[in-house]
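Each chain gets a letter, A, B, C and D, in the order it is written, and its residues are counted from 1.
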Amino acid sequence: MTAIDTAGLKTMFDEIAVAIEADKDRLCQLDGVIGDADHGIAMALGFGAVRDVLAALDLSAIEPTALLNTAAKSFLNAVGASSGPLYATAFMRGAAAVKGKAALADADVVAMLQAMAQGIRDRGKAELGEKTMVDAWQPAAEAAATAHAAGRTLAESLDAAFAAAERGAEATKDMIAAKGRSSRLGERSLGHMDPGAASAVTVIGAMRKGLA
Amino acid sequence: MTAIDTAGLKTMFDEIAVAIEADKDRLCQLDGVIGDADHGIAMALGFGAVRDVLAALDLSAIEPTALLNTAAKSFLNAVGASSGPLYATAFMRGAAAVKGKAALADADVVAMLQAMAQGIRDRGKAELGEKTMVDAWQPAAEAAATAHAAGRTLAESLDAAFAAAERGAEATKDMIAAKGRSSRLGERSLGHMDPGAASAVTVIGAMRKGLA
Amino acid sequence: MPVQTKKIINDGNRSVDEMLEGVLAAHPRHLKSAAGSPRSIIARDGPRAGKVGLVIGGGSGHEPTFLGFVGKGLADAAAIGNVFASPPPDPILECAKAVSGGAGVLFMYGNYAGDVMNFDMAAEMAAMDDIEVRTVLSTDDVASAPRDQRQKRRGVAGNFFIFKAAGAACDRMLSFDECERIARKANDHTFTMGVALSPCSLPQTRRPNFEIGPDEMEIGMGIHGEPGIARGKLKTADEITDEMLDKILAEMAPVRGDKVAVLVNSLGSTPLMELYIMNRRLRRRLDDIGVSVHATWVGNYCTSLEMAGASVTLMHLDGELQTMLDHPCDCAMFRAG
Amino acid sequence: MPVQTKKIINDGNRSVDEMLEGVLAAHPRHLKSAAGSPRSIIARDGPRAGKVGLVIGGGSGHEPTFLGFVGKGLADAAAIGNVFASPPPDPILECAKAVSGGAGVLFMYGNYAGDVMNFDMAAEMAAMDDIEVRTVLSTDDVASAPRDQRQKRRGVAGNFFIFKAAGAACDRMLSFDECERIARKANDHTFTMGVALSPCSLPQTRRPNFEIGPDEMEIGMGIHGEPGIARGKLKTADEITDEMLDKILAEMAPVRGDKVAVLVNSLGSTPLMELYIMNRRLRRRLDDIGVSVHATWVGNYCTSLEMAGASVTLMHLDGELQTMLDHPCDCAMFRAG
């Protein structure tokens, strides 16, 4: 089991960019129902920008923390919107969580995921059950941590994270939005999956693919 | 064969209003193809206004000339557009042609039709073959005059006018517009009936019904 | 029963009058109607003794053309017709009477058969009231007739520049001859091309006034939905802009160092974003050939109700036209200068 | 493959930047971008020492909101995001730096989660540069939350009045406290309701952003196509206007003799004719209850690309707000006062 270096992180971001690009239309459609129909565009712009910036980096010259901070900055500047600060904060917190490491061991990856989820919560001030991406990210990070603590491999831990994210996203259908653009809909938000939770599943799935 | 008094002329205008209202959509559609899609509206507004004004008149107190001038004025003010001045001039010329008469004999009706057609030509400065209402009105007036000169009844003369108007309108399909809004289309106006010629058929048909 | 276009209206036959009531309610400091003639919209501050009066007008549905151009420094009055229909002579005449300052009255409007007949009748009636009227038709629509038949062309969005130049001449108290000369020159120097992407609907029918395929556009479409010169597949903003500009430049024939004014106009539902994207291309092209842009106007200036599409107008400036265009005007719907 | 909405654009991902290039080309005397930050649009004549700086901003697609409100007497700068997306912190920060006159900088924008996060991040960054920032959110959309949760409501077309009042306070060189107080009061006094008839499409997808039946309207729809409070059959202009006005009046609770300012705004493709028909009804209703209209604005002030629909905004005036609203402003896209 080799540790993940900056090249590995770049692979992860490339996987995310591909997966989100393929998922763009569905995410816009989900956002069209309870929001402003642009979530797929925002995510694709953001991860496309990250991919382009990382492609131009000398990966051997930087550490994971710098790479993650660079990703955060370029995502934010390409996107704005809600997803911009949320994912930028996620990656900056992830960066802080692995500060000083040249490569990430399994525990570091799990710590990074937890920091990301916490960053999203802090930035959005959203709790579980408010029908946001937190409802996918938080259970995913917890599931990864639990699996890792139980001695599972990184691949298994990320599988658990992905499954938890899927369940979390699915569960948003039964929630009334309390944060974000759809929070003004009241009951009318019921029955529809939150687009940010849906894209979180895609992101976490691509991370799994890229990392393990 | 009784002469046509102001009550008879009012009947004529009522018939026109009914016929044009029923034909409104088709006229708008014809105008939509080579013009601005409002011809049915203009004609219906105009003859609707004439009907309303005449309904309020004391018919016994005025002569045909005054009635026709009133019709001209109310048509014009309700419509503007191209049809407004054209039909207003037609009725004013018709009014002049029957000046001083208390009721119209057959010859007066024929003279009125000829004056109307001439008024339209003068106002629009259009010649036969330029794909306008002149292509219906002029042959109609001529046919009525010819039939009348040949000793036909008013009903027969108006039948002849109607048939000539129909042929004239039909013939506009093969013309390239040289006057009016559609004159900028060049060849693209070919194949389509001129809406003003089409409505002239309806008007002349209703006049026949109301007068004879 | 085909689907009807959605509109926020009451009785379609009353829409123009209801609009005018709403206009006067909104802009009491700028506009009033002539006594007894609600379709004659008069500038409160504008008409005055010794000044050539400027009366414009035409069909409704092109707002802010014509009523939006009534104000000090621009038109003194506008006669308002039904949707896409010339006003009849009476409201035109009432406008002429209201703005006549004894120095003559200019009639300016787009060149359409209906308008010509109604305004000419009004001019004859004005003559009987001892008001001298001269008429200058706008014929800026490059698409509507070949170059050698300029006088047959339609008047479209260029109206704004043409009326504004003429209104400035009048406001500067120039002579009737001078005002007329400048009005004609303004028209001669103004060139417009439009493109339509989707139709509009009259309030009475609420039915699209022409049909166009889901991936088509029509270059040269008139502002009443009259067919244009060519229909084709929808292109990019740069391609569309180039196509329109090429036609305009071919006529205007500017040389390096010349100045123009630019108007990028929405036909109704085309948003500012798209107009500015077009303006970007225009500017790059004009920069390339060394033509400088003195002023640019972007927005809804001459619309066809909710039609989608846009037009580009260039006015070829000389010192005089530039001065006229820069002359301040104060209308209810905008101000400039 | 569903039919795509027709737009005059090039690459949909480039539309905002191309628009801004076209804007700067059109309005060089009014606007510039901050050095190295093309999404930060700065008033050439506005920011100055000792003046509270006013930075507004938000997603694109609402033009002339926000960039059209940049000019002397109104906002000093606008940070421009992608279509319907808050700008990121960097361009906001560049705006703050460009307009800071040492007296503090006000951030004003509509209350949306994304905008709040980005502007708050920018405010933190500005603090590190020793620029004191205060934030006033606009929450005028009556439809977007119950009365007791006013602070949760969206900011929509009322932005225009709210920004204009705040911009006037800043232009009059009032203190930071005063500017902030007036900005908050302007928001508290401003109420908007909208109705949507048809959707708009993002440049990248060119697909309608919501579905609505051919005879339906939605009252309270947000300016990004967020669902509103009720969907129903399309009604007449008078009925629609009444429905919106009733909601606004229930909140505003004016008494006989009170004064308001009125904004009748098109969401994009609804033409002036329909807006003025609505204004007619508004005026009749307000006259009936003895509320006088100090000023009326009608047109495209806060749009959702080519969405069909309209909104009505009332600002409940007192002497101070009236003075602020009457204060002159000079923006590229309009001028007032």
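Throughout what follows, a residue touches a chain if its C-beta (ideal position, glycine included) is under 8 Å from a C-beta of that chain, and two chains touch if they have at least 3 such contacts.
What you see is a predicted model, and the numbers here were worked out from it, not measured in a lab.
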{"item": "Third chains touching both chain D and chain C", "value": "none"}
{"item": "Taking each chain's C-alpha mean as its centre, the one farthest from chain C", "value": "A"}
{"item": "Chain centre separation in whole Å, for chain C relative to chain B (CA means)", "value": "32"}
{"item": "Gap in Å, rounded to a whole number, between the CA centres of chain B and chain A", "value": "74"}
{"item": "Chain B-chain D separation of Cα centroids, rounded to whole Å", "value": "53"}
{"item": "Arrangement of touching chains [line / ring / star / complete / other]", "value": "line"}
{"item": "Chains touching one another, given as label pairs in label order", "value": "A-D, B-C, C-D"}
{"item": "Residues of chain B defined as touching chain C within the complex", "value": "25, 28, 32-38, 41-42, 45, 76-86, 123-124, 179-185, 188"}
{"item": "Interfacial residue positions of chain D with respect to chain A in the complex", "value": "13, 59, 81-90, 112-114, 117-118, 121, 144-145, 152-154, 202, 204-205, 207, 209-210, 222, 224-227"}
{"item": "Residues of chain C that touch chain D when the two form their complex", "value": "3-4, 6-10, 15-16, 18-23, 25-27, 60-61, 63-64, 68, 195, 197-198, 203, 214-215, 217, 234, 236-238, 240, 262, 264, 268-281, 283, 293, 296-300, 303, 305-306, 308, 310, 333-336"}
